[in-house]
Structure formats: structure tokens, C-alpha cells
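Next up: some structures, all given as C-alpha cells.
Here come two complexes built around chain A, the first alongside chain B, the second alongside chain C.
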Partner chain A sequence: MLRYLIRRVLYAVPILVGVSLITFILFYGVVPPRQIARRNLSAKNPTPEQIQDWLVAHGYDKPMPEQFKKHMTELFLLRFGRSDSTGEDIAARIRAGAGPSFLIASLIFASALVTQLFMALWAAYFRGTYVDAWITFLCVVSMSVVFIVFVIVGQYLLGNLMRFFPLAGYQSGLSAFRFAFLPAVVGVAAGLGSGTRLYRTFLLEEVNQDYVRTARAKGVPEARILFRHVLKNAAIPIITSTVLAIPSLMLGSLVLESFFGIPGLGSYTYDAINSQDFAVVRAMVFLGTLLYIAGTILTDVCYALADPRIRLE
Partner chain B sequence: MIRSVPARGVLAVLAIWTLAGCNNSPYPPGITKESIFFMSQIDDPRKLDPASSYRDDEGKILDVICPSYYEYHPLKTKVFQLKPMLGERDARREAYNYTDAGGKAIAGERWTFHIRHDLRFQDDPCFPSGKGRTITARDFLYAFRRMADPVNGSPVVSFFEDKIIGFDELIARNRERQKRGEPADYDAPVAGLQLDPADPYAFSIALNQSYPQLRYLMAMHFTSPMPYEAAAYYGGDIQRHPVGCGPYVLESWTPKRRIVLAKNPNRPPESYPDDGDPGDAEAGYLAPAGRQLPLVDKIIISTITENTTGWNLFLQGYQDAWILKQTNFQQAFSQQGMLSEEMRQHGIRLVKTNDIGVTYFAFNMQDPVVGGYTPARRKLRQAISLAVNSQEFIDLFSQGNGIVAQGILPPGIYGYDPAYNNPWRAYDPSLARARELLKEAGYPSGIDSKTGDRLTLYYDNALTTAGGRQFVGLISRQLEALGIDFESRSQRDVVWQNKIDGNNWQFTDYGWLADYPDAENFFFLLYGPNRRPGPNLTGYDNPVYNRLFEKMRAMDDTPERLAIIHQLRAMIEEDCPLIFVQHTETMTLYQGWVGPVKPNPIGNTLHKFRSVDAALRAERQREWNAPVVWPLAVLAALFVACNVPAVLVVRNRHRRHVTQRGSSTPVSPSCSVT
Partner chain C sequence: MLSGWLLNIIPLAIVAALVTAVRRASRKPLWAEAIRRLKGNRVALIALAVIGLYGTVAFCDSIAWRDDRNAPLLSLVDRVFGRPQESTYSAPLAIRTFGEPMPRPLLGKHWLGTDGTGQDVVYMTLKGCRTAMIIGGFTLLIATPLALFFGMLAGYHGKTVDDAIQYTYTVLDSIPNILLLVALLMVLGRGLPQLCVALGITSWVSLCRLARGETLKHRGREYVRAARALGVSHSRIMMRHILPNLLPVVVIATTLSFSGLVLSEAILSYLQLGVAAGTGSWGNMIDASRLELARQPVIWWNLAAASTALFVLVLAFNVFGDALRDAIDPRLRS
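Coming up: the complex of A and B.
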């Protein structure tokens, strides 16, 4: 397994370079450096000299291959530099924002996973009955409603009507959970439909397998079949769909963080694209790619742990 | 399932404790009883560096941390008035004649500034002992040298570059050094920036021309004294660590969360003014006269990106002030400009501020169809101008709040005349005069008399939001009524900006907010040499206008200057390169517990005049936000109702299973299980 992991890590290098190169070319293709300068300069109408000064100060006056080489070297050393727009240290900003993003996203992730699996098992247990039909109906409704409606309804019910939780804001330490609850409820509710439907499908595929029939023939209770045997065998597709979601835990949710005033990383990349802050964009793309690669490697490891038939060689 | 009694007990206690602790306050307990003003911002400031911060939101924070030699009198807003802040007295302005390097005699002027002797920088780790040191004239001149450093990208350096003697050479030298990878020169002598060897609290600025606007620039944070220790200590992070001597210091700045300003113990003594405009006493603006500033201990500015969230927090009482957006109008107003009953019952009051600015539609004066200076082209622009109904824009997009603009100058600026009526801005629903002018311009009923084609006006804009599309719809409807085709090209901001810069446009919309309250800062929008990339969007270039502008900008506010301003106004009226729409108003809602603050659109030091009745605020917040539990009972009932069928199904299955086992019916091996 170790050799496999080393090989996967080495494969990651060309992927990282390739993704960064594509980002580099795309960004420069859409927004030339002079435009980046113009956007990020404070002056309403910057002079050509001011634009040139900015390009020189930020290293955008160098030939593109030289710029790319410098960017890649810095990124591989995890030296993200400073934002083109605000001048803040990107690494410090990521460190500050990753915590709140991780708290909210991991709460949603864990609660959603448990709730969705529970609902899926419930639906599978009552498959073909009106309980299953009702769950399917609710899932379709949940999938049909746009995310922002969940946010607004959640804020209205729990923040405005019942007044149990703050509409927005954040505090560090244990108080953070008070601010995380409402976005977590909204996040779980919004993801319930699609997740439940997906896991129900995985579970029902397993329910028709021979080993389930054998277990039933042997008189194993239905609940035990589902929780002990079916769930374990359905783990592979469930692992695939869940582990690949891990990178987003660090990178946050744009809509949730915007509406609930969470000082995370959800809008960091979005804002950077809007303000043409290439320094932040390339850092976040690099980080996102890195996390995604780590997620896929972790998925493979989880496969091997969950299914003894799989060996990583 | 938890069956043990102790475990159930613990869970119950936890549940009660959680519910008891549940409330919707976004602040730590008790904090709203303190002398703090709570407000919000849509986004973080980009930076808080006196040399480079330019945005309005940045200025409002920075100006109470880093004050300057002058500041605007907070209560005198009919005619804006400067008063010394860090200055001991008004600057002395005198003629300064000299001969330049080429032997040419120059008639310039010299300004001598004397600063207060009791000024100290705030305590900050950048100082050796952590204690702020005394401020001297050197710190003021250091601020100018920071502006000349290209790394800082100061947006106002062009105001000084061609005026302070030797400043352009310093900038050029720093640019060369930057290209070589060397740091800027902070020690080189500059002829126009002089310290007084005999007085560490005096400095002078020598200019190669008369420049009365310098006094306004000395009221902006760009010229605020700056300790060299801060730049050395914070390096690139200086943009997030302003070090000044104002009433507040930046206590903390958590990105995307909040900015906290706290009283600066080293602030210079300053009291609330006891004089203002007529009517200020009656409005309560003089009530705090003589009280030491700032009036509250802290200002907490939360970052709330979403308008809906911020608005609801304001209605819950967790924000002391709220700048109204278009989406809030329906709930805030019962009719045009009148607060709704709900707002009034909450004790909320509306304060309107006339912005020192103007919005307008602009013609590209180089465009072959609408540009140019021939009588026919002028008439075409005048006809289009007559078809634009500014009041409709104000009614639709600002709930009737705003002033129809007749000219380039807004109220409060010397030269603004409320009685002036621009003949090409007099909207007549019949459009009779407009059609007549259109015919005289060669487009009878909107048809080109030479080609027979209908005139098409191409409108480039960056209005891609829902509100933007409504705006486009309105101008489109107004101009199409004239019989011309109107084609809107809405694009991303970057694309639009490129088109404007590249002179690849015909008709667009724009606006201008003043840097300082002087007519020069408006008329320069049409000064020929200021064409793109300068602020002259239209490329208007009238030699007579240019000459008069050059004369006017060097003059103090005198009747002679006023006469020139009227001449410039008449030229703009006749040539019609711009269609003036409105002088906007900012509408702010204040909670009942907030003390009166006179709006001042040009002064950025509003924070130090804010006051609150914290006890009343805490009481109202408690009253307005008592938790409501009945929906929980509804949810519980719903949960039970939803689960009853499931329980019944389980019971039925179980019963069937038992019955089947009891009857010993053989199960067919071919029976499939699904």
C-alpha cells in the first residue's frame, strides 16, 4: 500500500502543475495584467504610470514563463504571498478562515451523512410502502427547492419567528456552536433529498443481492440485515460520494457563509475572481486541487479498509 | 435508545440549559449595555492604509484613526467649512516666485503649516516601548514620501505630482529604483517639502502654481502624519495596521467578521462643537455641545454581506443604524419618502444625506453619430437630453429621494444655484421640443433624412443585475418614445471598462462623488487634457472651456470665480456632452436609542460624534426578541403525525410475520424478495 501511496503522491505533481497552468492561461486570457492592475488600484482613473508601477510592484511585468515558474515554485513551497487586491497575507487569511468554514461544513457533513443514511435505511426498510413513497416525495420536494429558500425559511423560522438562534454572526470558542447551529440545520435540510435518494439507491441495490436472501432465509431480522450486512456492503459507493466531499469542508460554502456572516473561506475564491485578485485565485485553485487529490487518495485507502477484496498495489 | 434514568436526566437538563441559553443575539451577553455603537458593512475594506485607501467605507474608518491637519466642521453643511484638527492654526499661504532649472520664472505659492504640540501617536508595538511618541512635522512629510513610493499605489499622487516642486523628480527616481528592485528613496531632499530647522512642529509645501485645493487635500487621510516606525515594523502588513493619533484605534480586524474601533487613550483633547448651521439647535444636534469626543467607547462594524440578513438584524435591534437599500423600500416606507407605521412604532427615524455628487448619461464626443461640436450634433444631444425624465428615475429607484440634477455642481458646492434651470433638462411628456430639435438635427421622427434609416443609440453599460435591467428598461422606454431605436449592451464590468477606456462606445451612464467640495473637482470632468485614462469620460475638449477652467481652478471662491463657473456651466449646457440625472441621497435608518448625528456627506469623521442610550437599547432588544416556543409544539406534533403511519406499518408487518409463522404456510422458493 505504501508504494501505491507514494506513486499517487508523485502523480499529484503533474496534476498540480497542469491545473495551475490551465488557471494561469485562462485567467490571463480573460483578464490581461493591465486590467488586473486597473481593477486593484485604488484610484478612480489610474494613469498609465500608476498601472505600470503596480505591475512592477506585483511582478506582472515579467515574461509569462518567468511568472509561471515563480508562481509554481512559491506554491509548492506553500508560500502563497499577498493578495493583489488587499495586500493581506493569503496564508494567514486561509488559516483564519479555514476554522469557521471547517466547523460549519463538518457539522453539516456529519449530520447530513447520518440523517441521510438514516432516512435511506428507513426508506429501504419500508420499500414499496407509502412510507417509502412519502420519503421519496419529500426528497423530490427538497431537491426541487433552491438552496436560498432553505436559508431564508431557516432564518425566518429559527431566527425571526422562534428567535432561538442569531440570524448571522460568529464568535470563536464554544460560542461558535451557537452560530453554527442554524447554518448546519439549513445545510442538512437542503442536502437531505439528494443524499437520501442516492443512498437509498445504493442500499436497494444491495437488498436484492443473494446474501440478503440467504440471511432472510436464515431468519435474520430485517433491521439487522439492513444495518449489519447491507450497510456494510453499500459502503463503497457511499465512501466515494462522501470522501470526495472532504475538500469542500476546508473551502467552505459561499451562500451559507454569506447569509450567516460566517468569516470562512466560502466567498474567498468567489470574491477574488470578482476583484480579479489573481494571487488569491491561483493559491485557492492550488489548495483546492491539493485537497481534491488528498480526497481521492483517502477514498482509495478507505476502499481497502472497507472491502478486504480490494488491495492497493 | 437511552434507557437509564440518570442519562435521561442529564439529557433533559442539557436540553433545558440549551433552550434557556437560546436567544438570537449575535453578541456576547451584556455587551449591548455598554457604550458601543453597532453597525454593519457590506464587505471588508480592501485596506486601511492612509497612503492608498480611497473607498468611502475605508475613509470612514481611517479618518477617525488617522486625522489630518484639517477636518470638516461636522455641523456646517450648508457651506462646508474646514477647521484645523491636528493643525494649530490655519496654514499660511503666500506667493513663492522662483526660477526653475531651465531658467524660467515661475509664480508659485508656499503653504506653511504649524501643528499642535500635544500630539502623540497611539500606543502600538511598532514603537520601541510600545508607547506612542510625540508627532512632529517630519511625520507629516513622511506621509508625502509614502505617496511618492510606487509600491503604495497612492490614488491621489497625481494631485501633487505636477504641483509640489521636485515631487515629480522624486516619483520618477522611485520608479527607476523600483524597476531595479531597490526600495524607494525616503531621504532624498525635495525642494517643495521643507521642515523648519528652528521649529520641529512646522513644515512648508512649495508649489509651482496657485493651488487653493491643497487645503482640502490636507483634510484627507492621505496627508495624515505617519510614523516611519510603523512602516518598518509592519512592512507589507501596514495596509492592515493603521497607526495614527485620532479618537479611535483599530482594536481588531477579523476578515469577513468585524472591525472594532476603540477609544484611543492618546487622542488629542477635542470637544463637541457648540456652533452649527441655523436650525441645528432645534434639531438637537447641539445637545452634546462641549462633551469630550468621541462620545462612545467603541464602534463595532460587522461584515454582513447579505442585505436580507442585515436588514432583519436591524429590525431585531441588533444594528444601531442601517443604510437603506432599494430592496428595503417596501417595508421601510408607506409612501414616497415617508416611514412606514412599523418603523415609526419601533422609534426608528430616517436621516437623509445629500451626496456631494452627480449621476449622468454621457455621450462619446468622438463618436461619428452623437459626438462633435456642429450645431446639428448639439441639437441631437439636446433632443435626447430633453427625452430623459430624471424624476422618474428618482421615483422608481430611490423612492422619490434625490434631487433632479440641472447641472454638474451638486448642492453644497460653491457655484451651485438652486434656481438654475437647464433648458435641455426640462422634461415635457409631449416631447414636442425634443422632436423639433431631432428634426433640426437631421432625424425627423427619428429617421436619418440622408439614409432613411432609423437612428440607433447604442447604450454600453455594466448593469447586469435585476435592478440594473430595470434601469436599462426605463431609459430605453424614455428614449424610444422619441422615435429612435435604443440598443442596450449590458456587459461585465471589466468589458464595459475596457470599452470606455478604448473609446469604443457611444452612450453610457456614469457618476461622480466629490473628493473635496470644490467646483474644480466637478468641472475637471470635462477638461480636455483630462480625457481617458483621466476622469474626462466623454473626451469633451473645448479650448475656451479649457482656458476658463485653468483660470477658475487657481482661484479662491470670489465673485469673479463665480462668473467663470457660470460661463463653464453655460458651455456644458450648450454642448450637452452629459445628461445630468440626479444628485443622489443616502438614506440611513437610526434606532430610537441613537443620539442625533447631523449627516455630513464630505466629512468622514462621523463615528466620533455617534452616541447611544445603551440601557434603552438593551431593554428594547429584550422586548423585541423574547423566544417563541409554540412553533416547537407544532413541529413536535408534526413529527408524531408523520411517524404514526410508520409505526403502524411496522406493527402490521410484525403481526403478519407472526401470523404466517403460526399458520406454517410453506414459502415458495421462487418467491422473490424486493
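Coming up: the complex of A and C.
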């Protein structure tokens, strides 16, 4: 296991080199630092001196090869430097925002997985009947609604009409859950359709297997077959598809956090987009990739835990 | 700037290309069979009709001409649905403006009211059709050839070529899509072409992986080996022998990804990275109506019109894509 993990981490290195190469090309090649300076300086027509001062202040004044070396080494040491627009330490902001983001993302991830699986099992239990047909149809319908509309309408319906949970904002500590509730409900509702449909397909693939027929023949109740026999065997594709949830969690944090005013990584990125803060976006792209790769490695470990036939060597 | 008549040729050419493609395909047995199956599926036909309707609106919005040299360039949609601009919000079918202490009489009749800048909502919603169609269509026009070229190259040649192409798309794929889009659009700037390019860069990867896998499958088949034995060149094998066999899978994948592209436009508009504010788009309308539900009394018509228009198009593409998959490849039927 350990050897496998080390190998997977080593495999990730060339990928990360590629990612930081892409960010370098984008943020230094396609948009040269002088242009970044011009976009960030508030003056309409900044003088060359002003631009030069800005470049020196933000460490963009060195020749390209040196910039490249700095870019690559700093990313790998997770030293993200300072924000282009405010001059704040990016790493400090990331540490501060990680808590709220993690709370919301993990809340959404866990409750989404449970509700989607439950709905999928329900559809699979009633397969071929009108219940199944309706669930599948509703899945396609909810997949066709934009995430933003879920957020806007969800906040309106749940917050304004029920007046139970705060509309927006955040407090740390235990009351954080109160503020995380609304975004979490919206996030789960938005992902329900696609997840249910996918898991239903996985479950239905297992339903026609021989072991299910055997279980039915020896008189195991249908619900028990689904929950005990089928669910366990469908675990591998389900685990695979949870990796797909990671990017959508990031999208969720980007939109939900900024909409509900939660001071996490998502709203930090959102603010960075609006203030043309290239240094922050660069850091977020790298951090997001790191998290995603970590997620894929974690899934592979979960394979081995779920299925003893899979050996990680 | 392109002159008026030249701009009108582009939509005509696109429609002509689509019609010839479908007509030529219907002569091939595989596609004729698929079309026959589709014709038996009433829901799919309704979905196709809805897509056709949106396409027609987009087409009519693309045909534009000037009345005289100094007049603004007006499309068919502008001419039919254009309404005088009011000063501010007005409710559907209202005769006075909305939410002002002294409501003023309106200049015209607005079926779905007007938005904050006084634009007719029906007109703005119709303008969004063209933007959505361009985003879906042009992005796929960028992504599909790119994906097919590199996917087939990787699958057919293997070895170093395969490794290089796989490495490239693995790197791109390991950046979460939304973050890559944000980075690309911040660098490229706001605008319709930039949006298509950025979405193209993020969406070619999955298609490329698919094309590579399919090519690998076909490379070992007898017909390819026979062609090789007859001395057919590599490029000809790829273009004339393997490509037609990839097309069914590619058509299914592109149809199903169309709706995702239209949806991402709305999300990117929320992040202020969508098309420019002047271009009518559903994403911009939804973004503008973000705070309207919080007002008293509620302003719902902007959000409702834009999100319904978007919803119906995406639903139609989802339904049609599923039906197309079932029709082309019955083995995949769920």
C-alpha cells in the first residue's frame, strides 16, 4: 500500500509540472506582466514609471527565465506570494478560508452522496414501474436547470419564505452550521438529478447478475438484496464517480460561497476574478489541481478498501 | 468590420452544411436505421422540434441588414420583436412603470415586462438564443476537430505520440474545469469568441480520450489490417476507414455535451466572465436578476424568462441526446 501511494504521488509530479507550465504560459506569456500592471493600476493612462514601480513592488520586474524559475519553485513550495490587487499574503488568506470551505464542501459531499444513493436505490427498487420513470424524468429535468437558478431560487424559497435560516453571512464556531445549512441544501439539491441518474444506472447493471437471482431464489427480501448485495457490488463504479464530484464541489464553493457571503476559498477566488487579481487565481488553479489529484489518489485507496480483489501493487 | 451581406452568408452556410450532412448521412445504412428509429420516438421528435425552433430564432437573429447607410444594423428579430426602450422596470403587460413613486406611462406594450434598463424581456430572451447557439455550436466546432485529430493520432500511432498527447490532456484534465475556465477567461478577456475558445479548450479533452479509445479498438480490426496490407497510407486509413466508424460515438458525445456548454455560459456570466454586457444572453439576464427576488414587490419576470428559455433548450438537448444514443447504438440503451 505504502509503495503504491509513493508511486502515485510520484506520478503526480509531472502532471503538476505541466499544470504550472500552463499557468506560466497563461499568466506570463499570453498576458505579460506589464498588461497585468496596467489592468491593476487605477489610473486611466498609467505612466511607464508607474507601471515599472508596480512591477518592482509585485516582483514581476525580473527577466523571463528568472520569472519562470521563481514561478515553478514557489508553486511547488506552496509559497503563493502576495495578492496583485491588495498585497495581502495569499497563503494566509488560504489558511483562513480553508475552514469554511471545507465545512461546506464536506457537508455537501456527504449529504449529496447519501441522498443520491437513496434516490437511486428507490428508483432501482421500483425499476420498470412509473415511480422509476418519474424519478428518471425528474432527474433529467433537474439536470437541465442552471446551478445559478438553483441558488437564487433556493435562497428565496428557503430563506425568505421559511425564515428559519440566515440568508447569508458566516460565523465561526458552532453557529457555522446554521449558516452552512442553506448553501448545503442548495448544493445538494442542484446535484441530486445527475447523481441519482448515474447511480441508478450502476445499480441496474448489477440487478441482472446471477448472484441477485440466487439471493432472490433463496428468499432474501428485495430491499435487503438491494441494500446488502447490490449496493456493495456497485461500490466500485460509485467510488469512481465520486471523484467527478470534486470539480463540481469547487464550482459549488465558487458560486455558493460568493452568493451566501461565506468567507471561504470560493469567495476569495470570486473576489480575485472581479479585481483582476492574477496572483490569487494562479494560486487557486494550482491548489485546485492539488486537491483534485489528492482526490483521485484517495479514490484508488478506497477501491482497495471496498474490494479485496483489488491489490494496490 | 465585416460588411452586412458577408455576415449573412455565415448563418446560411451553416444551415446549408447541416442540411447536406443530414441528407448525405440518411443514405448510409447505419444512419438511415438511426433516423428510422428516431422517427418512431415521439418525445425525441418534440425535442428536435424545440431545438429547431431555437435554431430558427438564432438564424433569424443572424440575418441582418441596414435600411440605409447610416442606420444601425438590425436583424429580423430586432425588426419584429424590437420595442421602444422604457426608463426602468415594468410588470408584464403593464401600462405604467414599476416600483417608482410616480409610475410613468409606458411607450409600448411588453408581454413579459421590461428589465432594469427598460429593455423588453421577450426581446432580450430571444436575443439570448443566438448567443447560446453560438456558444454551443462554435465551441464544438473548435473542440471536435481538435479532439478527433489528436485522439486518432494517439490511438493509431501509439508509442511516443500517444504518450505526448495523453500527457497533454491528462495535465489539462487534472485542472478542475471551472478553475481552468476562470484562468483562461481572465487572460483572454470577456467576449463571445473568447468564451468559445476557452470552452473549447476545456471540452476537447473528454472527446479526445473517447476518440483515442475507439481508435485503439479499431486499429487491430481486420478491415484496418486489410487496408494496410493493400498499401493504403496511414492518413488515408485514419480519414477514410477509421473516422467514419468513430462518427456515431462522436455525434452522441457532442450532442450530449451541447447542453453542458450552454449551462456553463450562465455560470460564467455569474462570475462576470461571460459575454460582454451588451450582448443579449440568458446568463447575463440571470446574473442581472440576482437581487430582484429580494425586492418588494418581487420582480420575477426577468429570472423566469431567461431561466425558462435556458431550461427548455437544455432539456431538449438532453432528451434528444439520450434518444440519439439509443437510436444509434441500441446496445447502450439504459
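Heads up, the rule we're going with is that the second predicted complex is superposed on the first by the 289 of 313 C-alpha atoms of A that agree within 3 Å, B and C clash if a C-alpha of one lies under 4 Å from a C-alpha of the other, contacts with A are read in each partner's own complex, and residues count from 1 in each chain.
Everything below uses one rule, namely that contacts are C-beta pairs under 8 Å (C-beta built on N, C-alpha and C of every residue); 3 or more make two chains touch, one makes a residue touch a chain.
What you are looking at is a predicted structure, and each value in this text was computed from that prediction instead of being measured.
*Asks:* Report clash or fit for the pair chain B and chain C bound to chain A in the combined superposed model.
*Replies:* Overlaying the two complexes on chain A (C-alpha atoms) leaves chain C and chain B clashing.
*Asks:* Going by the contact rule set out at the top, does A:201 touch chain B (first), chain C (second), both, or neither?
*Replies:* In the superposition, A:201 contacts chain C only.
*Asks:* Let me test your reading of the model: by the given contact rule, A:169 touches which partner, first (chain B), second (chain C), both or neither?
*Replies:* A:169 sits against chain B, while chain C stays out of touch.
*Asks:* Name the contact category of A:31: first (chain B only), second (chain C only), both, or neither.
*Replies:* After superposing on A, A:31 lies in contact with both chain B and chain C.
*Asks:* Return first, second, both or neither, reflecting whether A:260 touches chain B, chain C, both chains, or no partner chain.
*Replies:* Touch status of A:260: first partner only.
*Asks:* Spot which of chain B and chain C makes contact with more residues of chain A, would you?
*Replies:* Larger number of chain A residues touched: B.
*Asks:* With the two structures laid over each other on chain A, which partner does A:276 touch: chain B (first), chain C (second), both, or neither?
*Replies:* Both partners, chain B and chain C.
*Asks:* Applying the document's definition of touch, where does A:152 land relative to chain B and chain C: first, second, both, or neither?
*Replies:* In the superposition, A:152 contacts both chain B and chain C.
*Asks:* After superposing the two complexes, find the one stretch in chain B that runs into chain C, choosing from 327-335, 525-533 or 543-551.
*Replies:* So the stretch of chain B colliding with chain C after superposition is 327-335.
*Asks:* From the superposed pair, tell me which chain A residues show up as contacts to chain B and also as contacts to chain C.
*Replies:* 31, 152, 155, 160, 259, 276
*Asks:* Which stretch or stretches of chain B touch chain A in the complex?
*Replies:* Those in contact with chain A are residues 19, 21-28, 43-44, 46-47, 49, 52-55, 150-151, 153-158, 175, 178-179, 236-237, 239-240, 254-257, 302-306, 308-310, 312-313, 316, 494, 497-498, 532-535, 625-629, 631-632, 642, 645-646, 649, 673-674.
*Asks:* Would you mind writing out the residues of chain A in touch with chain B in their complex?
*Replies:* Residues 31, 35, 38-39, 41-50, 52-54, 56-57, 82, 85-89, 93, 96-97, 122, 126-131, 134, 152, 155, 157, 159-171, 175, 178-179, 207-208, 212-213, 216, 257-264, 267, 271, 276.
*Asks:* State the interface residues of chain A toward chain C in the complex, per the touch definition above.
*Replies:* Per the touch definition, chain A meets chain C at residues 14-15, 18-19, 22-23, 26-27, 30-31, 140-141, 143-149, 152-153, 155-156, 160, 201, 204, 246-247, 250-251, 254-255, 259, 269-270, 273-274, 276, 278, 281-282, 284-285, 288-289, 292-293.
*Asks:* Across the complex, what residues on chain C touch chain A?
*Replies:* Answer in residue numbers: 167-168, 170-172, 174-180, 182-184, 186-188, 259, 263, 266-267, 270-273, 283, 286-287, 289-290, 293-294, 303, 307, 310-311, 314-315, 318-319, 322, 334.
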